[in-house]
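Think of it as A, B, C and D in the order they're written, each chain with its own count starting at 1.
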Amino acid sequence: MVSETIQLRGHIIDSLTLPKVLDEILTRGANFTMLEVKIGQRRADQSFARIEVSASTHEALDDLVLRLRQHGAEVEDKGDAQLAPAPADGIFPPDFFVTTNRQTFVRIDSKEYEVQPPIMDSGIAFDLANKKARTVKFADVRKGMEIVVGHQGVRVVPVQRTTSRTDVFQFLNANLSAERPKGAVIREIAREFETARKENGKLLVVAGASVVHTGAAEYLEQLINWGYVDLVFAGNAMAVYDIESTLFGTALGVNLEQGTLADGGHQNHMRAINIVRSAGGIAELVKRGTLTRGIMHACVKGGVEFLLTGSIRDDGPLPGVITDSLEAQRVMRQKFKGVTLALLLGAMLHSFAVANLLPASVRTLVVDINPAAVAKLTNQQTFQALGLVTDVEPFLRELVHCLEQLRAKQK
Amino acid sequence: MVSETIQLRGHIIDSLTLPKVLDEILTRGANFTMLEVKIGQRRADQSFARIEVSASTHEALDDLVLRLRQHGAEVEDKGDAQLAPAPADGIFPPDFFVTTNRQTFVRIDSKEYEVQPPIMDSGIAFDLANKKARTVKFADVRKGMEIVVGHQGVRVVPVQRTTSRTDVFQFLNANLSAERPKGAVIREIAREFETARKENGKLLVVAGASVVHTGAAEYLEQLINWGYVDLVFAGNAMAVYDIESTLFGTALGVNLEQGTLADGGHQNHMRAINIVRSAGGIAELVKRGTLTRGIMHACVKGGVEFLLTGSIRDDGPLPGVITDSLEAQRVMRQKFKGVTLALLLGAMLHSFAVANLLPASVRTLVVDINPAAVAKLTNQQTFQALGLVTDVEPFLRELVHCLEQLRAKQK
Amino acid sequence: MVSETIQLRGHIIDSLTLPKVLDEILTRGANFTMLEVKIGQRRADQSFARIEVSASTHEALDDLVLRLRQHGAEVEDKGDAQLAPAPADGIFPPDFFVTTNRQTFVRIDSKEYEVQPPIMDSGIAFDLANKKARTVKFADVRKGMEIVVGHQGVRVVPVQRTTSRTDVFQFLNANLSAERPKGAVIREIAREFETARKENGKLLVVAGASVVHTGAAEYLEQLINWGYVDLVFAGNAMAVYDIESTLFGTALGVNLEQGTLADGGHQNHMRAINIVRSAGGIAELVKRGTLTRGIMHACVKGGVEFLLTGSIRDDGPLPGVITDSLEAQRVMRQKFKGVTLALLLGAMLHSFAVANLLPASVRTLVVDINPAAVAKLTNQQTFQALGLVTDVEPFLRELVHCLEQLRAKQK
Amino acid sequence: MVSETIQLRGHIIDSLTLPKVLDEILTRGANFTMLEVKIGQRRADQSFARIEVSASTHEALDDLVLRLRQHGAEVEDKGDAQLAPAPADGIFPPDFFVTTNRQTFVRIDSKEYEVQPPIMDSGIAFDLANKKARTVKFADVRKGMEIVVGHQGVRVVPVQRTTSRTDVFQFLNANLSAERPKGAVIREIAREFETARKENGKLLVVAGASVVHTGAAEYLEQLINWGYVDLVFAGNAMAVYDIESTLFGTALGVNLEQGTLADGGHQNHMRAINIVRSAGGIAELVKRGTLTRGIMHACVKGGVEFLLTGSIRDDGPLPGVITDSLEAQRVMRQKFKGVTLALLLGAMLHSFAVANLLPASVRTLVVDINPAAVAKLTNQQTFQALGLVTDVEPFLRELVHCLEQLRAKQK
């Protein structure tokens, strides 16, 4: 039997840290002895626990400790993080530390450095000259870069639960099923929007094609016009249907005014693409006065940043769409910096891509009529994510309505 | 090879009758010869076809002809329908004719009688004294009743498609998926409601518990108060949650005002049931002034009929709930007489039960967030059914909003 | 501020009892002081905590304590449970205690009595003469019965998590999504079946119509023939389709041998019903040699109990089907006594009904291709429930295959 | 009123062409006169119809005729197709003809040329020198290319339905819901596989990550080893999890042998990627003897082509993955040439991309546990698509089992 001593600190009882840690230990067939437990007497107090963990082999213990660290456990015998040079461009050293999206520190020369940005499934490069720790993706790795290996000297801060009652995101990973009332939650979200704007937060909207298909584009347009949105992230398809609907009144041939009664016009989206390509881009189409409404128009007019990426399903694509997924991820990481609130609307592929690139601290709201999509996105338990299983169109309509009321009050 | 000659009449081309008939014939390995085809030259004209159908055995031909009759084919050599006495109470004679929900005629003594009401999965009893043909369920069968057997002399009228452009139900079995815009359709449905009221139609609302859970009860209440609803059909659970929400502000313990932020109170629905049972019934609770809001209150106050049935999942039940399914079906058949428009809201079990008891001519609107439920209910292809895959709460909210606008205009 | 002192005992850390309790306290705006904490040093040790809970009002404190009791908290100042007579048949006294499905004790004259059976949403009647506490449903209440009111003197034992690694149900409420591998779990379930048989457990199978529709009836038949099944619970429809498929080779007209290539024969289920009614019942049909295969045949031949209930969707029904839901619930409670393992197969309505009538200690396996159904049934968190999102037919096929291998080994 | 005369030829009754055409005409508020109708007297005979179509404006008539052409209508006054030069690289002339995926001919100098390949949402470039008509995507367009504009002189052949009873694909767009028996269909598909191999068909398998997650990789491996598969198309993720499962026994950290009982190991997929990148590619890993099992291994060993594309969700990617979506589509179009049978397994994004690039004549089988995905892919009605709503793992297991039996018989 080999053993190590770990420490837990913070709201380790009510944030479920202690039980999860004990649970991991038992589930893996290891043992523990509680060396010391101090539980905070009152709500605001922090608690503390020292636990000796023992397992049958070094390997099993290492594996276990690695997992306990994910829950915020610190190994007492704190050494420095170990570094190894990347053997080639795009390749990590064999035992590289793989990040989560939680706040993470590495200890180098007995000093801790915060890793920036805290995003998932990356390695950690340490710049010895400038004393900076940053997450790097495979494509960022350059031969010789100093990469953290093993897990000694790495500290991951668990997401600690807020105890505020007025915070709609307080229930981490809550998931409102189709059968729950949503009116109150939408009102709360409207307040979050107001707060975000006042506090200079950065709001990211990820919009699936269903925003246009369900006839909800006008509400997103309104949010952009009112200045709530800082960045729109979408696929080529959403932009195409948005422009098709403005130019032809249809989205993939469905008449948006008359719903199912609509004319076909399956070729409209192809003509819309051709028109944008002929003009040289979306901004040019707005400048010429051809594009006068819609989400893309609102972004161009209001100077709101947008980022469009391509997929193998696309027609076109529109000029400006990034078709290379590596390049797209690079731009996404750059543009997502500083995002404080993310609204994921009926866009499964893009939402997963976003979830992979946002820190755990970003408040994320997932809206989708498909319960499986919402469950997948909120079940990761590493996010301040709130999921609503509902139709995108009435959600946005009601959100705009609530904001209207809030704005009226403020005048 | 044996053969029979069938005739088709009506809008047999554009209502797809002719192709379906030929399709059935070929699919079953039989053959046909077109003896005569007259296709209407213009839109309003009817068409006519005489087709000789041949198959290898008498049995195969009989089987085939039985199916062709479902599409409206008449066998030329029209004999009378054959009758056989029911051998015992609750038991049909072996070869009894099984009905669909389409308009059906039986020929007795060379005269045709319409079968009333035209509902599915029944037998046809013919009253020789009064010359009346009516559908009977197993429980209605009495020993000696004259029951139609075989399929000779029975004519089923296919659902013929309207060509009106302004009719939202014109697309039989249309199914608006989650990704379609629904605003225009809801406006059309509001107009249908207005029309139904003016023409003294009978509107049936089938309400699932999700109407209350999603916070939509106030909108259904409004529809009842405005006088659009003639009959509310639901399970014990919907009524319990409706009353729980009025008495305690929760539905199955979820606070409807504050959504997920709500207090538990899982026992509230049990207390609500106890209170109604103590009072002696829902109407009594209204009379006492204890129940002052909600769907059930609106029904009692407005004198709108309601029918509550029980299931093996129920707690309670409330007084007045019919717990025997045979008795419930008997009452349903009685109360559903004359229904012209049916609104099925998030209530799968009850919706299927309703679908089994309504004639094909009744306009039926299915609203459910579960695409599988909508598909099952509209795919039967024997209904003038329109399905919307959407959240019940915003659907009802928008419907009330559209009706408000229509009503304002009319003043 | 008012306060009470509660005690927690058992595996309160790793079964998450302590954190949940603290969480409830904080979420409700109350405060706590940890008076005493003893945490078990090793895996097998129990822990203990004494906590002073304070809230602003008596009502709030009562509400809170009620909820903490659900987590197993005991109030230190243990008084007796209070009793009040039922005011009338079918009606509880106003403040009656509403049960959960966990093991529950009431304290009368300073002695604790276990409440039997521990099922949800009932009241507790105490028989003063025989000193017996039992759960009663509305329909069981007789005027004058002594019913437990308030929550003083009632102790609810939380479901404590087993730490056995070999127990497939150890993960309470686990839910295997469509994207997870299921082979190993099905092998474990086969072993559970073997164990249940050896230990004289009682296995309940709840079978939806989809068991027949998907062509899985032969596998359930095999399980019955091998003697694993003690009770089959289903609706009228499952039995009808099972018999239709044996008599006509179809289920609701779909040819089960050839799948979609099948002939229609929509009327077959009606003829099947008529044949059973003519014979006088299912057992009679088997006796006559007309019914020679299928689930119902296997039950009759093997002397395995079955219970069929009716719903408002039914045709028929078959003789022996209980059509009254109150009577059905009464029989269900009786027949479910002693069930140790329940297999819920694609039968949402019946599964919910079962879940409402089984103690929390019964191991329950839910198999359904609809993720929402599985989630609803396993998310109640009061059950030893394991959910598999998968097709019923391959699940049963693989289960039979695994049992075959286990049985071969044992010879 | 303006009018044109159209002709319809072929199995226009039983393939529903005539009714669809009349339906379109009426739905759009236009009128028709049947000038001539000859209906084939027997099954093998073709039918013929001449119809005068009239509408109120030239535009409306043009629009209508465009749609009727999609159903195979030919305008009597057959002129040549009109050509216009592409104004710039990547840009079509304004009124370019947009293709479907059905067989299409263009008439130039009174001669018809077949357009190759017949894929959706493309333009048609005509090479005047070599007299060749081919579909071009936006990216293929070069300035000055002669592109077909308008719709005169373009003939689209409707998908004609086979009348063979033994053809499992005979029911165009059939969709087997979760509640249908699938055994017989899987046996038919096994026969299709055998037939395809004997007739030198080209079988494409599109594999989602769920093939690995559900533990079905070994069955796909078997199909590859037996030589049924000619091309595997997948995303980076499927290949990563396949390799992770071979190297570490997990897929995204889930132990595939023990299902939910498995160890975490979330970082395993990152290590797997690093190992492949270090080796220089998948084939190199096989050569070194590091990768010894799995789908990718089977492809490399058996010399079966595979095509991996990237998305914005990816980690890595693996060497050889095409990250640019335009480049990916170019390679897809090239590699998909000659595909006769396509198996789409739980891979929504990739399946849609494939559906966009395959001719309507390719037999396509969609297997997914998500009914919405299957419905979307088979509802396009332009495909010989068969959809099965079922779990991928048991589907592949049963398919391998059926092939095993077929192969045993043949020896």
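Here is the rule we use: contacts are C-beta pairs under 8 Å (C-beta built on N, C-alpha and C of every residue); 3 or more make two chains touch, one makes a residue touch a chain.
For clarity, every value in this text was computed on a predicted model and none was experimentally measured.
Within the contact network of the assembly, the step distance from subunit B to subunit C comes to 1.
When chain centres are defined as mean Cα coordinates, D lies farthest from subunit C.
Separation between the centroids of subunit A and subunit B, computed from CA atoms only, is 45 Å.
Centroid to centroid, with C-alpha atoms defining each point, subunit B and subunit D lie 38 Å apart. Across the assembly, subunit B contributes residues 165, 370, 372 that each touch 2 or more other chains.
Those residues of subunit C that touch subunit A in the shared complex are 13-14, 16, 18-19, 22-23, 26-27, 29, 31-34, 37, 39-43, 163, 165, 177, 371-372, 375.
Subunit D contributes residues 165, 168, 171, 174, 176, 178-185, 209-210, 213-215, 251, 254, 256-261, 369-370, 389-391, 393-395, 397-398 to its touches with subunit C in the complex. For subunit B in complex with subunit C, the residues that touch the partner chain are 63, 67, 87-88, 90-92, 94, 96, 98, 121, 137-138, 263-264, 266-267, 269-271, 273-274, 277-278, 309-317, 323-329, 332, 349-350, 352-353, 356, 370, 372.
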